[in-house]
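Listed after this line are the structures, all set down as structure tokens.
Here chain A shows up in two complexes: once beside chain B, once beside chain C.
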Partner chain A sequence: MTTTRVPDSAAEQEAVAAALSDRARAERRLGWWLAGPAFVVMLLVTAYPIVQAFYDSLFQFRLTDPDAREFNWLGNYWVVLTDSVWWQAVGVTVLITAITVAVEAVLGFALALVMHRALRTLRPVLRTAILVPYAIITVVSAFAWFYAFDISTGFVNSWFDWLPGIGADTNWFGEFSTSVTVIIASEIWKTTPFISLLLLAGLAQVPEDLQEAAKVDGATWWQRMYKVTIPNMKAAIMVALLFRTLDAFRIFDNVFIMTQGSNNTEVVSFLAYRQTISRLEIGLGSAVSVLLFLCVVLISFTFIKLFKVDLASARGER
Partner chain B sequence: MGRRSATLAVASLMVLGLAACGGGDDGPPTLTWYINPDDGGQAELAARCTDSADGAYRIETSLLPREASAQREQLARRLAANDSSIDLISLDPPFIPEFAEAGFLAEIPDDVADAVTENVVQGAIDGATWKDELVTVPFWANTQLLWYRKSVAEAAGLDPENEPVTWQQIIDAAAQQDKYLGVQGIRAEALTVWINALVASAGGEIITNPEADVADVQLGLESEAGQQAAEIIGTIGREGLGGPGFANEDENASMLLFQGDQGSFMVNWPFVWAATLAGVEAGNLDSGLVDDIGWAMYPSVAEGEEARPPYGGINLGIGAFGDHVDEALDAAQCIVSVENQAFYMVTNGNPASNTEAYDDPEVQKAFPMADLIRESLEQAGPRPQTPYYNEVSTGLQNTWHPPSSVQPDSTPEAATTLITEVLKGERLL
Partner chain C sequence: MMDERDLPTREKVLWWIAGVVVIVYALFPVVWIVALSFKTPSDLGSKRFWPTSWVWENYDNILAGDAQELFLSALRNSIGISLIATFISVVLATFAAYAIARLDFPGKRVILTTALAVAIFPVISIVTPLFNLWRNIGLYDTWPGLIIPYLSLTLPISIWTLSAFFRQIPWELEQAAQVDGATTWQAFRKVIVPLAAPGVFTTAIISFFIAWNDFVYGISLTSTERARPVPAALAFFTGASQFEDPAGSIAAAAVIVTIPVVVLVLLFQRRIVSGLTQGAVKG
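On to the complex of A and B.
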């Protein structure tokens, strides 16, 4: 929107800088006024529950027996971290996260390219079609996938019985490998549109001039992809991966609907749910939740520090 | 015109809303009855008892989630916060000790207790009792029967109706004729129901001292009874007798399997009878199927020994924090009257806990097996009664699933270790 003009003289240059800093200050103040209320609300609805959960996690506390509540130091964390159930859940969660994010990145990129290159008349229809799965509530999509694969109501077995390993008797939710396959497939189907939307925004930022220049220099499609497109949208890619990793690590709905954690498909958020909501063990459940929160913080930190994700530049602010 | 009439509409709505709020104080008290989903029977009972209260109170129903575990979660959260809007609760029996121990249930006076247990089947009274006190009002009581295909039983030389059969006999019959057994192998409450019935039928108990302090709870699984139960479940799982979907087969899936070509024997609640008749009427099932279905007492573990069939159903709890406890006690007595139980059984298919309801001609007509249900209820064994039922049940489901992995030598031991450690707060679940 703003056009830059090369200042003519040194004096003019100084004046522009001063004016800008005045304007920048005003903008900054306005920014605080605009963001301030939201910031306060965020503190109330996120910081307060996090602090409360941490406080609760230090107690042995069962909701149906509040009188027996006692301070337990870090005892709950010790119970969680020395239990194989926790590490098993972490392993399954990491497996699901790694596979879904990797597959979604590739698929999402392909879809973003299709959307980017589609004819102008086709574009709105295409974008809508690709976004439909993302618009569906996760619980609903989990039920749809569950019923499709379920041995008594599903159609998958009869449609695909020509494939090796699939027959009328295939019980998808009978063992770990098949259950986790369906969970992952459903997760990919549901959230690939999200990643492709973020990547589309990145693609739109790649300057057309660079592409043209590369074309003039005789670069092939692959060369342009690797040397021009991808390096120029690195920030968008990393942000998309970060958001999806954080999302995937907190997977809950699919597991809850499809297997209820049977066949070792228990994930970390389901573990927290089971302790807090089913067992009503507020202390132990809060400890699991706090550990899940720390995992998520660790993932964000790793992405931002290690891969140098710059959230601001991805939004086109710098 | 548009804006003014809209303003008027909003204003009048607000006035109406205020009026509705203010009205609560004057009229008769409104009791809120938290009900589990059914076919509209409890709502009808609420209306009937509102009428017969003659202005003393009104009963409104409020719907709980479909799953029993989700019902418990919602009620426990509300009651832990002293929710005074809960006057009457339709409560699944396994959760009664937990609610009673936490002080969520109002006390039931002795005269009321005597009145509501008269002519009630023993299984339902046991399920409504905690620490020798009646803490809920028995409402309807459920039990599982053995359902069998007459053609299959005949081919195997069995006559379950007159001679009680054992698990070994039906396992052999299904294996020889290449048929499937309708049993519930899903990792859910249905599996606990099955394990408990097997252990109890073999003369054992899952918890031997249910009223003990949580750290001292003793499990009775590492016993001959526990091993026999594991043997039966493991055999059915390993030999594929539960059908291809056994590891996630619930009551409904068992019924579908039983109705199919490879159906043979099934243990299930009486709802399957009405559901099968409805299926035939809708043309989804062959009309010959109904004549081929027989029913008998739940199979026993050892020959000559009586089975302890599963016990389920719903009892009425009185919310401890409600403002109208006396009215709620009155209402509960009205809801569980013999006529109302018979009505509920005929219209919603849920068996009465009061034996007199079974003499109702309508009940006898709708349930040809009504006498067997009453007999089965008298014999039924409740699931372990403990305030930590959720831990015990989930611990069992975690260790006894998938059914093909269940081994008599190791599974009862693994379950005992896990549940004991969980109860001591040393493990996650």
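On to the complex of A and C.
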């Protein structure tokens, strides 16, 4: 420490104050020395690229024809926003996000309840099992679901051929509705554990005596759920929903593996990938990337303003 | 928590059933990909869940056969890149989280909010500019070309998780050490590091998972076996011959890259759960 000055007499108030502010300044400096590198790296790997993306998006620029690079203001945005391909991708992304998050909220809550209330012998097994989908590579999960439903390798058709609409020749990846169903199912399987673990942590914070009091007062299970449990874990629910919404909105892996965007299943992330990497349209791809970024910002703001998600308290930071 | 011995048998049975349903839910697709990986090429189209006969053929193909180069180099890339990215982010995050949990300095909130913003950043928005930049400066299709963007995935969650862990450390011990004459740095190194090690370790595991799982960067910023990680390589698999369905080889490769992750989960289940949830929900 740099504070070597120790007040020799209590009367020297000024010296004390100086020493304290010296100490505070040293602490402040140490704080930035320790946290600064992480902070700078975070900015370098995200803020810089998005600024670069915005800059690139103002040019008409295709890598295969670099000499024709030309500044065209917001022309790329105009091209993207007036193209039905973009709106189709947004529509599919919103559809997938809405369904997965809604189903996961309910399913994740049910899983959390089972883990919370499960018999003691079963609880550690459950917690381990539930981590498996979370820990598995998304691409692996996508392949598992793809091959399960695929017309030539899958077992789903022969297992469920007694259901109306499913037969030995049902081609799940042949049309939009069925492709999206499988994509959503795989996404839900993979990410519900995350939501359920967050909700489980929230459940553990609901005061047990409140539950008991409600029970003594004759509240039914549903009443206790709606009046005691859910209001008391609102912060955890909201944080879980926000994270999952943003995560679902960037869906890429499942679509890439299962359909490559065929049958109109292209999502926004995949559109950006296709423009940039496959078509080498840096300008257009950057415009899509910036728009996707703006969507994510918009969703976050909506959650924070509309649902009053308190991320600071959720992080344990006041 | 009510005492479960008081539960009526009927309710007990219900909880058992619910538990078993959860386990089946969690493991079913994993068991399926394992079953798939042991099928012969002709068995792939059998439309049955289990193989008619269990064979190691697919594992042979990716570990010693035609797909060997593709898979083993991808495995090497994945392990190396993920480990380095994890190491860098855990080191940076350890210092940052210590400062956040322990020191009083302006900008703490800014750092945590930045971490949050980076964590929700759409990955593909980073890919587009990096793709062009990496090509220009020669980082395209190299290890550093993936390690750097991986930090955008691993660093924020490391900072969060570690800050949450560090808040629970009994800091009086550090003060005691300082009273005994240790400097802030010594107190950090001698007293806090041993206490913080479990949290750091858990953070490393979570961070490794995330790097290991990446597909967007892997598929966009590599083009050859020089740097392509496993998830991206899986998309390039072919069967033993060009016209053969690669399903068996992909399944076998998937099983191999899944095993270490599952083992880590089994070993450190409790810590991972607390690490994951503490970062997001007030602990």
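FYI, the second predicted complex is superposed on the first by the 277 of 318 C-alpha atoms of A that agree within 3 Å, B and C clash if a C-alpha of one lies under 4 Å from a C-alpha of the other, contacts with A are read in each partner's own complex, and residues count from 1 in each chain.
As a convention for this text, a residue touches a chain if its C-beta (ideal position, glycine included) is under 8 Å from a C-beta of that chain, and two chains touch if they have at least 3 such contacts.
Just so you know, these numbers come straight off a predicted model, no measurement behind them.
Look at A:290: by the touch rule set out above, it reaches chain C but stays clear of chain B. Touch criterion met: A:63 reaches chain B and chain C at once. Ranked by how many residues of chain A each touches, chain B and chain C are led by C. Look at A:132: by the touch rule set out above, it reaches chain C but stays clear of chain B. Within the superposed three-chain model, A:152 lies in touch with chain B and with chain C [touch as defined at top].
When both complexes are overlaid on chain A, the residue A:262 reaches chain B alone and has no touch with chain C.
In the superposed model, A:182 lies in contact with neither chain B nor chain C. In the superposed model, A:203 makes contact with neither chain B nor chain C. When the shared chain is aligned, chain C comes close enough to touch A:27, but chain B does not.
Once the two complexes are overlaid on the shared chain, A:241 sits clear of chain B and of chain C alike. Common to the chain B and chain C contact sets on chain A are residues 63, 152, 168, 277, 288.
On the chain A side of its complex with chain C, the touching residues are 1, 24, 27-28, 30-32, 34-35, 37-39, 41-43, 45-46, 49-50, 52-53, 56, 63, 111, 114-115, 117-120, 122, 124-141, 143-145, 147-148, 150, 152-155, 157-159, 168, 186, 189, 193-194, 197-198, 200-202, 205, 208, 235-236, 239-240, 243, 246, 249-250, 252-253, 256-257, 269, 272-273, 276-277, 282, 285-286, 288-290, 292-293, 295-296, 300, 311-317. Partner chain A is touched in their complex by these residues of chain C: 1, 4, 12, 15-16, 18-19, 22-23, 25-27, 29-30, 32-33, 36, 44-45, 47-49, 92-93, 95-96, 98-100, 103-118, 120-133, 135, 148-149, 151-152, 155-156, 159-160, 163-164, 167, 183-184, 209, 212-213, 215-216, 219-220, 230-232, 234-235, 245, 247, 250-251, 254, 257-258, 261-262, 264-266, 269-270, 272-273, 276-283.
Per the touch definition, chain A reaches chain B in the complex via residues 60, 63-66, 79-80, 83, 85-86, 151-152, 168-171, 173-175, 260-263, 271, 274-275, 277-281, 284, 288.
Residues of chain B touching chain A in their complex: 69, 73, 76-77, 80, 98-99, 101-102, 104, 187-188, 244-248, 253, 256, 387, 390-391, 394, 401-402, 425-429.
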